[in-house]
Structures are given as structure tokens and as C-alpha cells.
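Here the chain labels run A, B and C in written order, and each chain numbers its own residues starting at 1.
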Amino acid sequence: MQSILASWKNSKWPTHLLIIAGAFIMIYPLFWMISASFKPNTEIFRNTSLIPETFTLENYRYGWKGLSGVTFGHFFLNTFMLVAACIVGNILSCSMAAYAFARLEFALRRVWFALMLVTMMLPFHVTIIPQYIMFNQLDMINTYWPLILPKYFAAEGFFVFLMVQFIRSIPRELDEAVKIDGGGPFMLYGYLIMPLALPAIITTTIFTFIWTWNDFFAQMLYISELKLYTVSLGLRMFLDAMGQNQWGAMFAMSTLSLIPLFVIFVFFQRYLIEGIATGSLKG
Amino acid sequence: MNPKLINVLKRNAVGYLFLSPWLLGLIGLSALPILASLYFSFTRYDMLTAPDWIGLDNYREMLLNDQKWRNSLKVTLIYVLLGVPLQLVFALSIALMLNRGIRGLRIYRAIYYVPSLFGGSVAVALLWRQLFGGEGLVNLLLRQIGLPGHNWIASPDTALYTLIVLKIWQFGAPMVIFLAALKQVPTELYEASRIDGAGRWKQFWRITLPLITPIVFFNVVMQTIQAFQAFTPAYIVSRGTGGPLDSTLFYTLYLYQKGFTHFQMGYAASMAWVLLIVIAFVTAMLFLSARKWVYYQE
Amino acid sequence: MRTRLKAFAIILLSAVFVLGLAACGGGKSNGNGESAGGSGNTAQSGDSGSGETVEIRFTWWGDTARNDLYNAIVDRFEEEYPHIKVKREFGGWADYWDRLATQSAGGNAPDVVSMHQFYVADYAARGALLDLQTVIDSGELDVSLFPEAALDSGRVNGTLVMIPKGITMPGWVYHTATLDKLGIAYPDINWTYDDLIAISRQVVEKSGGTMWGTPDMGGGQLQPNFRYFVRQNGEDLYTEDGKLGFSRDTLVKWWSMWKQMRDEKLIPDAATSAEYDGVPLEQNLFVTGKVALYQIPANQIYLYEQQFPEGEIHMVRMPSLPGGQNGEYLEGAYLSITAQSKHPKEAALFINFFVNSERSLELFKVEQGSPANTDMAEFVKPLLAAPQARAVDFIQTVIPYATSAAYAPAGATEVEAAFKDNATAIAFGQKTVEQAADDFLAAANRILGQ
């Protein structure tokens, strides 16, 4: 308690004020969206103030009921499963590749690494058609496989590269300690590198969660059956450029869909921020 | 057999074992679509009939005649050159600020990530109009102090810059990565420097920054690669048209229009490969420069 | 730390397992509750009645209300034809076309697809659509009650590739309460471009400059506004052999008219137009009360009326050119069968049910326009709400003016982009009308010349 007071006295209050002002700019769209989700459809764009003239829960009711008896809850479950599968895939495959690139010696290492970076430089709009043809041949259209499978083969170079950078920041002397204890490369991976690269793994988890949750283009192309819809497909269902948009329902379900994202973020960033470095370095 | 050779083989075997998921994925999943797109780039391909080989025609048309292509490259370069450095400086400053041991900052960290959760959603598009539109907040403030207003998001000379502001505003992803990196800086080093009597500023330049250069490098490379492929931001001001007057016609947006709206997938593919070369060149430059300023603990 | 990580991995791995099970289960259970089984096996159940179930796929674009509606129609079809299962795929307008292109390229196109004038030429010219005469000849599809003009609107280069679900006509709308408040007389159904300008002047004047007359319709899409104008001038957008069909003179006249209105501030300035370009219905200039006149297709009248707390939306014809010809041509929303379909007969039975049966039209009403089948158009009339009935009245009033119109050649979307770019350049003062016209013609001829 005293330390807080002290910190305020130490002329930190301008910092605080700045942070709060900044936070408001950051969070305004969230407030706006939540307020819109309680307004009737016709009011949303006429009254842009944060306080609804007419308060309604109808948007939540209408949005949640989904379509043809498939509720939004179903979409949430689908998305959770999809996201879980993607996270596991990314963590396992990307960390393996990253470990190889950062710590192991083998022929053509630099070539493969360069190639990995290059695969990220091609806009996906031109590979999506051949990819679709491929998955169609494999009879995987209308399943989650086209969305999940690449994650088990480290297709997201972003995370491989991220982990490479983290692993390279781990001092080599620690490796030596393991080696002196008689550990081989597998021990090194499982017992030293992985725990020490935990911030990178947590970051991967957070980003995979958020990006998979928000992605729509691939989901839209591969998933057309309502029962397999994800949250982002469900949200797009409310909008149609040629017709009437269910803005209220869209904002209501968007608000709900932000809750898991927010929870995941708050939950994991604790591990990201607090105590990991000190805890594991001593372990 | 030579024990040295055995050792080399063993090392290679282990290396490739760990690399195998990625390598199998490259061969089985990625290689085919990538090579197919390379092939398409030499064809006229409308997606509905078989590709028709036309050699370098697409490339020639693009490089010599396509005014829109030139413009989209320019738009994208401005976006990359301004957006990436500004966003990263901002992300790092906020990360440093949020990395201090002040109470309540945990909530701020989450709040500061909110804009990035939204991506290119409708809510952000609306916010941007309320801020930078003809009747937006910025104009309201300008008029208060007697300056003329300007339709920031819908004028060809300013629309792109509102998107650069948007990019800076959505600094969450690099910020989180910076935070993770800052946590890897051993606290002992700070304690040692405090004994030496180094101030905060000096600490940052002498200890923090050098130790996180691998992550700074990562963020620079990845944000550059991603910014070159920026697509969704165009939906914020122009609903995907790239207007007004092509001032927000990002490279990949034009590529998408060519492919999916105009049914010229072959041309789109050739655009993609030119972009790949541009990005590869820039990335290679970054890697070369990294030798001078990135420090690994090796 | 390690244990935490392990626990984490275990939880997630088990999630994958759950996912695998769910995916397998989901794959086996098919669609919505269709097992209504042996109900009325109707007369038409057709030739493939070997008892084997055939699965076809039907796809459409639409909003949530339409998704509900079409799902219900498909359910009724499945009741009537128990041996045909229909898988449904839908999405918003933009997603719809991206997915359809990808599916077609991937050899996985649905059997029955919703079609639109904007895209039909692109698909038909590349042989992606079935010649529907084949299924008419073999008896699955009955078009005997379709007026020749309606069928004709589904022909591309003489081949019937799509059947209208609904016929609609574009027109200009005004909101009665708004004009009443301003004290401006409603426009006549046969108004002219001069009337459009005159009323716009009144709007600006009486609203004290808080409203414009109309949005800037000089650019944007080639259809319907500009196309009506060229047709009124005795030309058309394209010739039958796929060349540009209008003169530089017509184009200059058109853009000059809009430039004059812009200079007079009867329409929004360039930046404001850009700001509102392509915004959703609920945010557009008309619904937010910034312009008094607006151009929409008749079937959307009821959507617009819902946006206003009071007053009605009335529609008049597209402005006419004194001494000119009629600009009208049929528009609508259509159904096609893809050339890739393995079950064209079942697909045809589905279309037949969709456009010819009371069971279907009872639900469809005028969702995407007035039914083209004349009996069905009469059948739905008593079922309509007031704004929908107004739309049908309007459509039936103006249909007699309609004459046939050639479809755009492949490459038309790029011509349209050039049209829009040049119109915008005029608006922002970067090109004169003459420069823009020259640039557009050069670009268009280059695109179409190839």
C-alpha cells in the first residue's frame, strides 16, 4: 500500500493519467459496440451516442438463436474445438522446427530457413485456389481439416521464426549444463529449451487463438455447412451487402465472441508477464 | 567407418527429425499450391477454364503498362515505410511503460490490446468515420480552433494516412511480443547496473535494447512482411474498393480484385510473384543489416 | 513450470480428440431433419425414382431473413421429393461470389446456383453453366407460364442459362414524410432528368442546405443509371459482339450533367460521395436523411420503408429523356445449373419447384422480385404487405416498357472499374469531363479489344 502511495508521490501520476487517457482511446470501440448491441436495429446508426435511447435485449435473443435451429452456442463450441486443435498443432510443430533451426546443426539449414521465410511472402489469394483443389481431391471440403492440418506441419512461419528468435536468446552456457549431465538433443529440447521459451509459446497460444478466432476467408471457402459454422462465419451471416443487415445481432454476438478472447488474453498474459523468467531460470 | 562421419550423420538425422513436420508440410501441403501459382503466373487463367500458357505476357503487361499496379505498389510502400517503424516504436514504448511494476497495469495491458482484437471489423470502420470523416471529431476540434475541416478518410491525399494511424493504433501484437522479450531480460543485470549508477535511459540503451534486439529484429521483419500484404485495412475506409482514386488500393487488394473480381487469376499470380521478389529483397537487406545490430547470446 | 506446460498440452490434446470425434459424427449425420420419409410422393417425382437418394447442393446469397426463408423452401422441396436431398450453402453477397469462383475452379461447384446479371456473362461465356433448354426438353423444368421477355433475360448469346426467381425493375424512391416536411410535391412517375435537377434544387433550398437532392450517380456501376441513359439515347452499353455500344458524346453528356449538379451543390462533394460509397443500407445517404431522392431496385422498397419510423417509400421510373427511347430492360435474380452438376435432372426439378409451385411461392412472395411465372405473380399478390404490393405494382407498370438487352462480355467488370475511376477523377477535379471520357474509352477498348 505504501509503495503505491510512494509511487504516486514519485510524480508517476502524469504517467497514470496518460495511460488512462490512452486506454480510453483504445477501448472506445469496445464500449461503442457493447452499447450498440443493446440498441434496436434502427437506432444504431441514428444515435451514435454511447447511451441507448431504447434499451433492448432482443439482439442477444435473435442473435443467439442462430439459424434453422443451430444456435450460436453451437458455433462457439465448433470454434473452441477448432482453436484448440490449431493451438496444439502450432505449439508442437513450430517449436520443433524452431529448435532445429536455432540449436541443431544439419545440412542445408540456412536454405530451409530462407525457404520458410519465403513461404510467408506469397499472398495467400493466389495459392488458395490450388490449395482448394488439393483439399477437394483429398475429400476434405466441409471439414476442419484444411484449417487444422497445416498447423501440424508448421505452416505458420511466423511462429517458427518467433520461437527461433526466443531460443537464440537463451544463453548457450545453459545447454552445456544439460550436456554435462549427459543429456542429448531431446533432453535439451524437452527440459531446457521448451520451458525457457515459454514466453514464446504463450505468445503463440494467444495469437493462434485470436487469429483463428477472427479468420474468415479460409473458413468461408472451406466450410459451407451450417452445422460446422464457426463464430466468424456466424457473425458474417448477419451481414449482406445486398440486403438488410442485422447490425444489432451482429454487435451482440461480436460482444459475446470477444469475451473468450479477452479471457484468454488476460489469463495467459499473467504467465507471459509475471515470474516466468525468474522462476524457470532457477529451475 | 570414420567416427567423425558417424557424428555428422547423427547430427543431421536429429536435425531433420525435428525439422520433419515442417519439411513434410512444405512438400505435402505448401509446395504444390506455391508451384501452381508460379505456373499460373505464366498463363491466362480465369479459374473456370483451363490455364492458357502465354509466357511472360502478364509480367510484361504489369511492369510496362499497368498504371494501377504501379500506384498500388506506391501506396503499399508508403504504408510499409511509415506504418511499420511508427507502429514498432509505439509498441515498444507502451511495452516499456507497461513493463514497470505499477499496480493495475495488468488491466491496462489487456485494454491496450483491445484494438488489435477488433482487426478490420465494422466497429473500427465506424469509429474511423466518426473520427476522421467529414463530420468527424477531428474536424470538430479543428473548427473549434478556427481551422478549416477536411474529409480525412475520403480524400485521396489523406485517406492512406488515416490507415497508417490505424496501423499504429493496432499495435497489440508486436507489443505482446516485446513484453515477452522484456521478461527474458535477467533482472540481475538491472541490479548490477543500478549499482553502477546508471539512469533509466542509460539502462534502456545499454542493457534492455541490446538484449531484446533479436525480438526487435523479429518484429521488424514480420511486420514488414505483413504490411506488404496489408489487405483488410482497405475495408475500413473504402469498403474494399481501394478508393478514393485508388489512394488506398493496396497491392494485395488490387491482386485480389484482379483474381476474384475480374477473373484474371494468372495476372494475379504474376503480381504475387513480383511482390514476393520485392519482399524477399527487403527481407534479405534486413538480414544483412542484422549482422550489425542484432546480438544473440551465443 | 514443466508440469504446468505438460498439463496444458494434455488438455489441448484431449480437445483435439474431442474434435476428431465431433468431426466424424458431424460428417455422418446429414443436414436438417429431413427424415419425414414417406409423405406425399407426388406425381412429378420423376424418372430417377429408383428409390436411391440423390444429393444436390443449392447456394444463394442473402441476409438472415432470406436464409430462413430459403431453408424453409428447401425443406418443403425435400418433403415433396423424398429421394432428393438438398445441401444448402449461403453467405453475404461478396463472400458468395468469392466462394463460387473458388468452388468452380476447384471442380466442386454446387448443382443449383443463384445467378445475377453482374456475373452471368463471366460464368456463361466460360461454359460454367448448363444450357437449360436440355432440362426443359426432357420435362423436368416447366417454363410455359413464363413470358418470353422474362426468359429472354436469362439468355446469354442465345443460350438459356438462368431462370428468374424474381423480376425486378430499378426506379427512384422518395420518402413521403421527408418531402412533405420540406413542402415539395412528389415527382411524377414519368419524370425527366430536368425534373430530377429541379427537385434537387428545391430540396437544397428548402432544407437550407442541410440536404442534397440525390447522391452522385454519375459514376459507380454502369447499371442501371448510366445504362438507362445510353439506352434512352438509342444505344446500349455493349453491342451483341461484345464491343462498347455507346458514343463518346453520350458519355460526355452524362458526366457533364452530374458535374453541373455537383458544381451547383445539388449532390454531395467528391469526398462525401467517397465516404458513403458502398456503405450498407442502414448508413447510406438516403436512410440517414442527407439526400431526398435515391435509386434502388423495386424489391428493396420494403427494406427501406422499415428504416423510417413514419411515412412511406414511393417509387417512380428512372428519369426519362424527352424525345428519347425507353431505357427499361428486365432485371432480376436468377437460378442456374452448373455444367459440373452430376444431377442436372434433380437440379432442374428443384428449380421447377422453386419458381412454379405454390408451396414455394407462398414463402418466397417477392423476396428477390416479382415471380416471373404469371400465375404465381397473381398467386402471391394477396399475400403481400403494403410496401411489397407497391413494389409489384411498380414492376408491373413499367415492365411493358422493357425491351431486350445484350449481356456484358467477359471483361465487363474491368470496364466498370475504369468507368468508376474516371467519374471519380472528374468529381475530385483531377480530370475534365472530356479527358475522362477519352481515358475511359481508351481503357475500355483496350480491355474489350483483347
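Quick note on the criterion: contacts are C-beta pairs under 8 Å (C-beta built on N, C-alpha and C of every residue); 3 or more make two chains touch, one makes a residue touch a chain.
Since this is a predicted model, take the numbers as computed values, not measurements.
Trainee: Farthest chain from chain A, going by mean C-alpha coordinates, please.
Mentor: Of all the other chains, the one whose centre lies farthest from chain A is C.
Trainee: Consider the two chain pairs A-B and A-C; indicate the one with the greater count of contacting C-beta pairs.
Mentor: A-B
Trainee: Between chain A and chain C, what is the gap in Å from one C-alpha centre to the other?
Mentor: 36
Trainee: Roughly how many whole angstrom separate the Cα centroids of chain A and chain B?
Mentor: Taking the mean C-alpha position of each chain, the two centres sit 16 Å apart.
Trainee: Out of chain B, which residues touch more than one other chain, so two or more?
Mentor: Correct list: 47, 260, 265.
Trainee: Scan chain A for residues touching two or more other chains and write them down.
Mentor: In chain A, 128-129, 239, 247, 276 touch at least two other chains.
Trainee: Can you tell me which residues of chain C touch two or more of the remaining chains?
Mentor: 94, 98, 102, 105, 278
Trainee: Which residues of chain C touch chain A in their complex?
Mentor: Residues in contact with chain A: 1-2, 5, 9, 12-13, 15-16, 18-19, 22-23, 26-27, 29, 31-32, 59, 61-68, 71, 87-95, 98-99, 102-103, 105-108, 278, 280-283, 287-288, 303, 306-307, 309.
Trainee: Provide the residue numbers of chain B that touch chain C in the complex, in ascending order.
Mentor: Answer in residue numbers: 46-49, 129, 133-134, 151, 153-156, 238-241, 243-246, 257, 260-263, 265.
Trainee: Where on chain C does chain B make contact in their complex?
Mentor: Those residues of chain C that touch chain B are 94, 97-98, 101-102, 104-105, 122-123, 126-128, 270-275, 277-279, 410-411, 413-414, 417, 421, 424-425, 428, 430.
Trainee: Which residues, counting only chain A, touch chain C once they are in their complex?
Mentor: Within the complex, chain A contacts chain C at residues 41-42, 44-46, 67-69, 80-82, 84-85, 87-88, 91, 128-129, 132-133, 136, 141, 143-145, 148, 191, 194-195, 198, 201, 217, 220-221, 224-228, 236-247, 249, 276, 279-280, 283.
Trainee: Which part of chain B faces chain A closely enough to touch in the complex?
Mentor: On the chain B side, the touching residues are 11-12, 14-16, 18-26, 28-30, 32-34, 36-37, 40, 47, 94, 97, 99, 102-103, 105-106, 108-119, 121-124, 126-127, 130, 169, 173, 176-177, 179-181, 183-187, 211, 214-215, 217-218, 221-222, 225, 228-229, 231, 252, 255-256, 259-260, 265, 268-269, 271-273, 275-276, 279-280, 283, 296-298.
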